[in-house]
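To keep things clear, I will list the structure first and then write my remarks on it.
Letters are used for the chains, namely A, B, C, D and E, taken in the order the chains are written, and counting of residues starts over at 1 for each.
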């Protein structure tokens, strides 16, 4: 009986639909398992201090476990250790900690892989033209948070471009890259960044975007100069509006991740731990539990595994 | 020889027609004329800076920058900030500040979208409700400032957090997609409607305008008129200059303040509408930096944060200066981080130049 | 009967010892004493609000909140904001504002870390260099405000962007991991050192303090002393009250301003050091909200944004009030957005209560 | 004769200080009443109540026998009471014309005025210029120059001209010559007499005894927040007045 | 006799306005010089140059024959020149004692003072209280009350007391009685005479001719930004002075 058990969910923000859905998923699973769930979130992506304070609050609150999507994967380790020392089960969701075993378990998407898939798809779709591609890179923020770097570098790797230092974007010198600009992960930023890069080079034909809102903004910029049909836009997330945008041809392909699964798995694990102290296991062969990533597109490319928009819609999260 | 019976005041009794104090009219040099022009029209300095930077980037970048396409692109990029900064100018002219402008814009756009899509309210009415909501929030700000006499910084800091949180709670962070709006409620995107002048046969290049850009210009012109040519405008300046003096000399300071914050809220709500036009969709996460960006435009435009001095045209030029620099630096190849840094330098430099020109001219 | 020869001034010639103006001493009621206490010690209002909110949450939450562990946890959670808010108070007392505080704290911590790890500089020297860098940035702010006479809002807005971008460029966005610091340069984490009072056998529960918390208290006490008991402190108040009058009555306003911004920079650099202690690692993305959070604490603490009025103890209580509300609301089960919304309400309410108490008492 | 302006039992407290302590006041039609008193006696507080700038804690004001409740200076102005405050109450950054017409701006005739609410600048400037030169108070180079560019004396002059131009029932002047030079003060005194000759009564606060005795019809002596007595300048000397006001001599029964 | 303070060829322009137009000035040891002139004649500008508050565009100032370059009021104060400005220059939120010692605070003796730089409040308050009562200017209930709680007249008194207490070489007073009542003005005049009897020379700006003629040893007539003439009050009447100052009469050769 899980009565009296409580758990915490700490997300990077609760303004990003990704985390909103994750929270809804966790709430539903918690209600089912009879667990009380408290949710916390940073004010902005990268708001690390609020997450530390949240962990402390969970300890004070006597929670059994914490589900955490860390804003700063290595800085948070101290607070996580404190929680584990206090007897809480800490599970990293979506974003692995650094080092990964600082958490009791990790249920996550492989963000580099997510980027790699759309990179491979874009290269395969262009075929020989990939050699002459004009690529715009729409990243997250000048502070270069890790998700953004992993997806960006994954995309370039998948596309076949040398990424130089894989821990930062913008140091590449491949002439096919027109430039990097930042979007704050929203439509407005996506549009402005796209416009800026189009002013540099109006012949851009491949656009990497950090997430689907940024992709939607980029599309508006292209539409306003009448080039929306001639450019490949790729993105990451697989939210329902994003998948719908793939269906509508706004986005060519997107890498879908599964926050609801992460949340549900996390709650299950905490319930089990509270009941008899068992800890969750990793996906065989990996040092975390991979909740998977799938490329969603209706124009499958040869050699790149993908699912259809129909399938994507069935799995989408918001 | 002096004694207290001396009726010395009689000396001046006769000379009633004479001048008491007069300014020397000599040296009406070119410098004088410049100074006078600056006093009468404080927006001249930012205009000079704007033209200077356009010319500089034009020389450095050639037609890449100096094309109808790039120049009108800047207008499109600054339209939201420009509209919000017009609202911000009003508030700052009264010696206030409004940190909630961005939050008001966003919640208004969310209300327009959610009323249309969640509740099925006709889109015209939803837009009206959104505009009303923005105005209402502005009026609450104004009431707290004018009647409760709380400092504007605090009132709008609190309101910012309240409105933003309410926005996320209400919208459940859901985006309404561009394609849905286009088919079901195109009026929401009305201010995004584009028209081109001088494009090529395929409709590419050339000057591109949107109704949002036109709207921004109209707001600025309208406010410039209202501030300069109506009693309300004079009262706004007087309130910002010295609220106590304004009250004593017959201005209803409370009403003026509430109207200013209310109008600012309305303009921000329009900015929210224009935002839908610009990004196509209704997104509750937009507009988070609008407060800082609008204040930056106002200050670069030469309006004093202490109230009562400056002109709304200056704000318009201030917004354009930031736009010109941002695009210009990107086209010159500065990366995002460097651009961010250089805009910081620009902010300080623009104000320093402004001070310097005024000092030299004075 | 009147004529101008009447030497009416002679009437008052004799009565030299008499009082010119005197206050009625009647009605020295309890209310009067409250008013006097409030005037002499403006931090009383936030103290009352603080105690009231601790008691309220204590009643609502019982020992979950009202335990040494939870109460000292609040201290730990507010330490960084508390230190930065102390710096912010100084600046606001001079009628300025410092938007760059967070950026200064972060770049200082990055410098301490990078000098130690990238260049192999001994950690003591790296810390000193970090503190110096913070001070230097503060002095540049001060110079721009005092000598170039630019508005503090703009100077520090620009500096915020410049320092933040420089921080990202310099650090290459690299975090220095806690584990490395612990083994190679533990001095960087010095202010994070914990000690417990009254913990159980396993070291759990009980009151937990860190050197950072102690440091915050020391900074506040030190500044309270300096502001109240040294000439420099009086000059800070005079400068904020009326800079022109201060200058005319013998205060070196420029030097005072530069020293204030410089000291603020130094304190922020210390906050950067404490930040390493708190989060374990050196992370260039921390501290982005410190400017707004510190201003909030200052204002809730009753320091006027117009300068010259208020006390640093008030700021300390202000920071604690926010900490108490945040933890209390969370423990009560409010989710993040509701907490933000309620903090927004708190900000406005705290200032309204402050105004009201002063009005009633006056 | 029924006073045009009458106050009874006015009380105004600022915290511990009682600025007005059950104070009475009377102004008869067509007369100049001077209010004299020590610094801090409460003279400015009294006229602030009469002009609507301060709301009294107790007591009432009667205008032409009607009880009036002013809650702002605008209310008093609407009744024809114009005031020059000790602090002048001008907006430094605005022009002389703007300041003169603040709160009672003239609009253009026709649609421009009624629909677009456009100010009739030309007309306001002309009137402002006329008023200033008619009163002979000063030569202003440019009616559009900002008030902050004027000297203290010039500002004082503009404030007085504004009151004289618009006051239809009562004009109140709080130390209008304090900052003025000999010549400028003289002009203001002449102006005061001019205004009275137009039949408008005036309340004049001043510390300058010769001026007070020269122009006042009656003198209200204020002491410790209340009316001590009212004297006729023809019956008493300046020395008497000063003695009453400072408490050196017993005041006559009011 | 060598003047203690001497200025030659001072020029100060504010934009188009020339506030000082090649102005000279002399103050002899132990004397009271009054400066009179119309509003806007440049009197305040002159004394702001002499007291370091304004740096002149041209010209120079000699103190006891030495050329001095004041770049702030502090420089002038360090030389023993104290000034009461027309605007008073007080920090409203600070106490009377704080204001009196602003910029020259006393520190505790011993380590507390030298290392911890602690102010000696008790001593400063005592001195402030003594100075105020010694000058008999006013009764202050509490030396620690904020200046903003004082009436205009009381503030004026504190400012004058501050200058009188610290001025060792020259005391400059810019319209010190403008806002004061009869009794309070009287006190200030007595104070001025007291100070002279201590051998300290005084510069007094005033629009009050009887006061000027009562206390001044010489009168500097200022007109259109420069010294028009210097007259001895024993040789001329007030009417003469006013006539010179307003330009109604030709001035005597300086």
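Heads up, the rule we're going with is that a residue touches a chain if its C-beta (ideal position, glycine included) is under 8 Å from a C-beta of that chain, and two chains touch if they have at least 3 such contacts.
A quick note: this is a predicted structure, and the numbers were derived from the prediction, not measured.
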Smallest number of contact steps required from chain A to reach chain E: 2
Shortest walk length in steps over touching chains, chain B through to chain E: 1
Furthest chain, CA centroid comparison against chain C: D
Rigid-body rotation angle, chain E and chain D, from Cα fit (steps of 5°): 180
Rounded Å distance between chain B and chain C, as computed from the means of their C-alpha atoms: 31
Centre distance in Å when chain C and chain E are each reduced to the mean of their C-alpha atoms: 39
Computed distance of Cα centres, chain C from chain A, in Å: 37
Contacts with two or more other chains, residues of chain D listed in rising order: 38-40, 151, 153-154, 182-185, 209, 242, 246
Touching two or more other chains - residue numbers and ranges from chain B: 4, 7-9, 11-12, 15, 20-21, 23, 168, 337, 340
Chain A, residues touching no fewer than two other chains: 14, 44, 142
Pairs of chains satisfying the touch condition: A-B, A-C, B-C, B-D, B-E, C-D, C-E, D-E
Contact set on chain C toward chain D in their complex: 1-2, 4, 6-12, 15, 18, 20-21, 23-24, 27, 32, 35, 362
Chain E residues within the chain C interface of the complex: 53, 72-74, 77, 83, 85, 87-94, 98-99, 102-105, 107, 116-119, 121, 136-139, 141, 146, 151, 153-154, 157, 182-187, 190
Residue ranges of chain A touching chain C (in the complex, touch as defined): 14, 38-41, 43-44, 46-49, 52-54, 56-57, 60-62, 71-79, 86, 98-99, 142-145, 149, 167-168
Residues on chain B engaged by chain A in the complex (per definition of touch): 64, 69-70, 73, 76-77, 80, 168, 172-175, 177-179, 192, 194, 202-204, 208, 210, 275, 278-281, 283-289, 326-327, 330-331, 335-337, 340
In the complex with chain E, residue positions of chain D that touch it: 37-41, 149, 151-154, 175, 178-185, 207, 209, 242, 245-246
